[in-house]
Every structure is written in structure tokens, then in C-alpha cells.
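Some structures to go through are shown next.
In what follows, chain A forms one complex with chain B and a second complex with chain C.
And now, the complex of A and B:
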């Protein structure tokens, strides 16, 4: 069964582009990644699903029901964590969470304490005194406390330290094992890769492609930056699997996909000053990815 | 119900401040009156020497302010201004604040119809303006009684307060309607207050230039003139009809536009 079905959804703000002709489906029990650079239309899509904004054309269905017409009905089974979290400043955390809980039927109040405990959240503090990361935790607890069947996460990890990110991922994975479907929006490819089974890639308001995560992983690029201690020719590193190669005197940068040992051998045979190997930014992957397809 | 309780709690502090301000205004006014009452006719003579523009702005008109009814009626202008400002700002703020404070992504994703949220919010507004009205009423009855040496004017006070409540309803609905319609939500409250001040200035201008008295219907401050109520003890039917139309229209607009609105943060 499909939990989310988005069908040719477009949204314009006046003449400005929001999203254009977005279509994808999320199956029940799936953790679905939704990736793209900032401003690509991820939040616009999500906010349409939640009926915060109205589509210019096309439609979207959640649990088989129209997300605008049957919005209130559907939303009792959705948990949403917005990309930027804002709550009523003068409320205490516990009061806000109880207020949030009061909108749903059959709430287990213990769940609030359970989740707060996992996320290490102090319930007695006022919202206005919380750091951004702590507000994000409030967002996570308020999004999960009613055990929603669909969890929509918009850039959930920003503001969380690595330890909390891990706890959060564990929490999401556990919810998923209990049967929740998850739509996970992010601009960080690596965290999407870790969790998701499939991803939709959005750029400038349009879905560029929908990929199985295994396919993306086989396109697992690493970004290399190397400062050489001796002079080598500009295409010294230009072996099979190298892309976006830039050479500036003795500094090189490129993306590499393939057997990492081959690259290490090439580097090892010369003297180097500095070496950085990192995950490429999504933009860089995109650039290469679509150059290839074009 | 939870939204209503939340809104009442959120506005409690501001309601307390407005009510205290109102009580203070009435008390200070009545202390002034006790000074005037002692001076008798000479007060009227003094004010009659003021240019008519000054008298209009002070709301004096042709009222005998050495009588308690006349003095209280002059004061009524300030009640309208204060209670109107409270109502219009509260109406605008309660509708716009979720987007303004960016809490919209919390409230509007809950399993509730938007119209229901609006209903709870407007109910909270109704409660707030009613409390301010009752505060004004009770403070008036108490302080007028404290300084009144002539016959009681309780009936006039009741009638003026009912008219005040209608004015409050108009401005509250207007504020909410403006907030629902405005694209730039940050400006909703200041825009509403500006419209109220414009209506007030028009009402003063009408007193100055009788030629523009066709504008009487434009400004709610002119719907229930205190002097009329003091003298005739009744409301103009046309004013009641216009008030009813305005309140209904702005309430309808609020529901209509909130339902269709793209919630932006």
C-alpha cells in the first residue's frame, strides 16, 4: 500500500516557482529520502502534504485520502518535525508537549517522559530559554508522542550534536520497525544514505530522479584534496573513476569512485604535503550525476 | 477547547494590563470631576472659550461637563479609543501571531479544521473584550457613585457600556479580518491600529467641519455619540444595522480568508 502518493503537484507563489510537476510515491513501512539543495522545493512539497499551503495544480494523497480535503482527518496520524522549530516562548516544555498531546485521541502521557528521557530533554524549562538544539528535541518529542503512522521530517538533524543525531536515528529506526512510514528530507546525502531505502532527488522545484539507495551507494564518490610536495603533471590523477578534476600548480581536487586502494597507491608513490578525503557535497554529486545522464 | 484555554492564558497578562489602565483612567477622570463639580458653571464658561477644534479633539462638544452625566459622556470618547484599540489589536494579533511567531507549523498541522481554530480564537477575543467592558462598567459604577453628589446615572452608564461593547465587537472583527486578508502578516497589527486611528481622526474632523458629516457612517466612533445617548436614552437604528453588517462581514472575511490562506513562515 502507498502511504504517500504525489501526483503532478505544482505550486507557484505568484509567478515565483515553488515546485513543478512533482510526483512520487512512498510505500508503507518505507524510510524514504527526499534530498536536494536548499531552496529546491523540499519544504514546499512537505507543506503541501500537510495542507499548510494549497497546490496550484495536481494533488497528493496520504493513506489514500486527499491531503487537502481530508487534511484534519489525515493529520491525526502524521507526526511532523519542521526544519525550523518555533514554539510558544512563554510556555514550559512539558506544558507545550501536553498541549500538543491534547490534539490527539488515546494519548499515552508516559510516552512524553519516555521520549524526553531518550532525547535528554529537560521538561521544566521555558521554551524561550532553550538553545536551538534543545528546541529541535522538543520538536522531535512533539512529532512522535502520538505514535503517528507517518512521520515527516524536514531537515531533522540540523542543530543536533552527533550523539543526539545518533539517538534520533535510533528512535526513527525503532519507530519504523514498529510500522511507521517515514519521509526524510535532507540536503545531506550521507545521512539519507544511512537510513533510507529509496530517495527522490529534487532540484530547482523538479524531481530529477528517484533512486534506489543501493544504486546511489554504488556511485559512492569520495572527494580528494591533495597538496603535492613534488611537481607532477596536471593529469597525474586522471585515472578511471576520477571526475571534476581541478589542478592548480601542485594542488589537486577531484571526485573519485572505485577501488580506493588504486588511488592510495597513486598517492603513495609521490611525496605529499597534505591530504583530505571527504564526502562530496550533494551539489558536487549532482553535477557529476547529471552530466553523466545528459 | 484546548485552543481556547491556551488563548485565554496567552492573553491574560495583556488583559490585566488593559483593565488596570482602564480602571486608572476612570478613577483619575472622576477625581478631576470632583474638582470641576466644585467650580460649577464657571467650568463650562472656561471650556466655552476654547476654540471649537480643541473642544472637538477633547470630545467636549455641547455637553454640560459640570454635570456628572455630561462629564462621563466626555470620558466615553476615551473609553472607545482605549477599548477600540485593545479590540482591534487583539483581533489582528490573535489571527496573525501563529505565522508571525512561526508557531503555525505547530498549530496548523494538528488534526483540527482551520475554521475551528478561528472559532476558538474569536471566542477568546470575545471573552477578552467582554472582560474589559465589564471592568469599565464596574469601575464606572463604583467611581461615579463615589464622586457623584447629584442623581444617579447608572442607567446612562449601562447604555453607554452596551454601545461600547458593540464598538469593541466591530473593531475586534475588523482586526481579525485585516489579519486574515493581509499577505504581509507582520504588518497586520500595526495596520489595524492605523485604521483605528484614522477612524478616530475622521470622527474628530466631522465635529470640526459639519460639511463632511456624510462620513459619519465610515467611522464607528460616530455610531453611538455619547451626547445622543445621554439626551435621548436610545441608539440610532441605522447605527445598529451598520454595526451588525460590519461585524458579520469582517467575521465572514476572517473565516473565508483563513481557510484559503497559504500559511507561510
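And now, the complex of A and C:
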């Protein structure tokens, strides 16, 4: 069964582009990644699913029901964590969470304390005194306390320290094992890779591709930056699997996909000053989607 | 119900402060009544030297300041003014506050319809106004009682006091409507003050110029204290106009809010 079905959804703000012809489906029990750079249309898509904004054309269904027409009904089974978390400043955390709980039927109040305990959240503090990361925790608890069947997370990890991120991922995984479907939006490829089974990649309002995470992993590019101590030809690093090669005197930068040992051998046979290996930015990976299409 | 009680919790303190301001204003200005009524002849003499237009604008051509109700009517204009600013402020902020404090993604992602949200919020403003008016009527009566001598028309006094909520409802409805059509409202009070004063000045102009048309566009004229005191009643046509405007503005608020995109952060 499909939990989310998005069908040729477009949204324009006046003439400005929001999203164009977005279609994808999320199956029940899936953790579905939704990645793209900032401003690509992730939040626009999600806010349409929640009927916070109305589509210009196309439609979206959740649990088989129209998002706009049956919004209130559908939303009783959705937990949503917005990308930017803001709550009523004058309230205490516990009062906000109880207010949030008051919108749902059959709430187990203990769940609030349980989640707050896991996320290490102080319930007695005022919202306005919380750091950004702590507000994010409030967002997580209010999104999960009613045990929703669908959890929509928009950039959930920003502001959380690595330890909290891990706890959060464990929490999400546990919810997923209990049967919740998860739509996980992010611009960080690595965290999507860790959790999700499939991803939709969006750029400039359009879905670029929908991939199995295994495929993406086999496309696992590393970004190399090397300062050489001796002069080599500009083509020295141009072996199979290298892309976007830039050479500037003795400095090189490129993306590499393939057996990392081969590259290490090539580097090892020369003297180098400096070496940086890192995950490429999402934009750099997108370049390949463009190239593939061209 | 949960939205309503949340709204009330967040707004009750402000309502009480403003009620306090209204009551305090009446309390302070009523101190001026005994000396003014004592020396009524002298004061009327001084005032009669003012240009006629100014006297009309201040409402002192038609009000007898030496009588308790006349004097109360004179200061009640300013009670209307203060009360209207409060009503307008509440009306503008109740829906736009969620956008300004960026909590719209919290509230509207809950399993509630927008209609429920608008109703709860309008109801919260209405409740505050009702409580404020009950408090005001009781306390203003107590203050007036201290100055009451022989004859005092309780019915007209009540009519005067009851005009407060009707003018307030006009401005609250105008506030709802403005808050859904203006894209970004950065601060509420300046807009509220400006709007209320525009309508107030229109009323003064209408009185001063004796213009029968201006009377129809400002609620301050619908519930003119001098007319209420002199006629002992409201004017039915104004009552209906006021009610119609309130209903149209509130209805439009629903229609627009139900259809609009809620701005993201």
C-alpha cells in the first residue's frame, strides 16, 4: 500500500517557482529520503502535503485520501517536524507538549515523559529560554508523541549534536519498526544514506531522479584535494572513475568513484604536501545527474 | 476548545490591562466633574468663545457638561477610542500572531480544519471583549454612583456603556479582515492606532462640518454619545449598518483564510 502518492504536483508563488511536476510514492513501512539543496522545493512539497499551502496543479494523497480535502482527518495520523522550529515563547515545554497532545485522541501522556527522557529534554523550562537544538528536541517530541502512522521530517538533524542525532535516528528506526512510514527530507546525503531505502532527489523544483539507496551507494563519490610536492602532468590523476578533474599548477581536485586503493597507490608513488578526502557536496553529485542526462 | 483556551490563556492578561486603562481613565476624569458642574455657567461661557466647528468636533454643542450623563458622554468618546484600539489590536493579532511567531507550521499541521482555527480565535477575541465590557459596565457604574445626585437615567447610561462593545466589534472585525489580506504585519499596535484614529478623525470631521455622508463610514458616529443621550436610544439604521459591516468583514475573513497559502519561514 502507498502511504504517500504525489501526482504531478506543481506550486507557483505568483510567477516564482515552487515545485514543478513532482511525482513520487512512498510505500507503507518505508523510510523514504527526500534530498536536494536548500531552496530546491523540499519544504514546499512537504507543506503542500500538510495543506499549509495549496497546489497550483496536480494532487497528493496520503493514506489514499486527498491532502487538501481531507486534511484534518489525515493529519491525525501524521507527525510533522518542521525545518525551523518555533513555539509559543511564553509557554513551558510541558505545557506546549500537552497542548500538542490535546489535538489527538487516545493520547498516552506517559509518552511525553518517555520521549523527553530519551531526548534529554527539560520539560520545566520556558520555550524562549531554549537553545535552537533544544527547540528541535521539543519539535521531535511533539511530532512523535501521538504515535503517528506517517512521520514527516524536514531537515530534522540541524541543530542537534552528534550524540542527539544518533538517539534521534534510533528513535526513528524504532518507530519505523513499529510500522510507521517516514518521509525524511535533508540536504545531507550521508544521513539519508544511513536510514533510507529509497530517495527522491529534487533540484530547482523538479525531481531529478528516484533511486534505490543501494544504487546511490555504488555511486559513492569521494572528493579529493591534493597539493603535490613535485610536478606531475595535468593528466596524472585521470584514471577510470575520476570526474570533475581540476588542475592548477600542483594542486588537484577531483571526484573519484571506485576502488579507493587504486587511488591511494597513485598518490603514494609521488611526494605530496597535503591531502584532503571528503564527501562531495550534494551539488557536486547533482552535476553527475545533469551529465548523465546530457 | 483547546485552541480557544490556549488563546485565552495567552491574551487574558492583556485584556485585563486594557480594561484597567479604561476604568482608570473614567476614574480620573470623573474628578473633573464636580468643579465643572459647579462652575458650569463660566465654563460654558468660555467654551462658547471657541469656534463652532471645534465645539461640534468635541461634541460640546450637543452635550450638557453640567449634567452627570452629559459629562460622562463627553469623556465616553475617549473610552470608545481606547477600547477600539484594544479591539483592533486583538483583531489584527489573533490570526497573524501565528505567522509572526512562526508557529503556523505547528498549529495547522495538527488535525484541525482552518475553519476551526479561525472560529476558535474569533471566539477568543469575542470572549475577551465580553468580559472586558462586563467589567467596565460594573465598574463605571460604581464610579458614576459616587457622583449621582437626584435624577440619573440608568437606561441611557447603560445604552452608552453598551455602545462600547459594538464599536469594538467593528474594529475587531476590521482587524481580522486586515490581518488576512495584509501580507506581512510587522507590528500590530501602530496599525491599530492609525486605523482607529483615522475613523475617529472622520467622525470629528463629520460632526464639525455637519456632513451627513461622513456619518455613515465611521462607527464612532453610529454610536454618537450626544445622540444617544438626547434621543434616549440608538438609531436603528446605524445599528444595522454596524452589524452588517461586522458580518461581512468576519465572513470575508473566513473565506480568505480558508483559501490562502500560509507563509513559510
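List of remarks:
In this text, the second predicted complex is superposed on the first by the 294 of 294 C-alpha atoms of A that agree within 3 Å, B and C clash if a C-alpha of one lies under 4 Å from a C-alpha of the other, contacts with A are read in each partner's own complex, and residues count from 1 in each chain.
Here is the rule we go by: a residue touches a chain if its C-beta (ideal position, glycine included) is under 8 Å from a C-beta of that chain, and two chains touch if they have at least 3 such contacts.
What you see is a predicted model, and the numbers here were worked out from it, not measured in a lab.
Applying the stated clash criterion after superposition on chain A shows that chain B and chain C collide. Shared-chain residue A:86: touches chain B and chain C both.
Shared-chain residue A:110: touches no atom of chain B or chain C. When both complexes are overlaid on chain A, the residue A:269 reaches neither chain B nor chain C. By the touch criterion stated above, A:99 is placed in contact with chain B and with chain C alike. Within the superposed three-chain model, A:142 lies in touch with chain B and with chain C [touch as defined at top]. In the superposition on chain A, contact of A:73 is made with both chain B and chain C.
Contacts of A:233 after superposition: neither chain B nor chain C is touched. Looking at chain A, you'll find residues 13, 47, 50-54, 72-76, 78, 80, 82, 84, 86-90, 99-100, 102-104, 142 touch chain B in one structure and chain C in the other. Here chain B touches chain A in the complex through residues 2, 6, 10, 101-106, 108-113, 260, 262-265, going by the rule given at the top.
In the complex of the two chains, the chain A residues touching chain B come out as 13, 47, 50-54, 72-76, 78, 80, 82, 84, 86-90, 99-100, 102-104, 142.
On the chain C side of its complex with chain A, the touching residues are 2, 6, 10, 101-106, 108-113, 116, 259, 261-262, 264-265. Chain A meets chain C in the complex at residues 13, 43-44, 47, 50-54, 71-76, 78, 80, 82-84, 86-90, 99-100, 102-104, 142.
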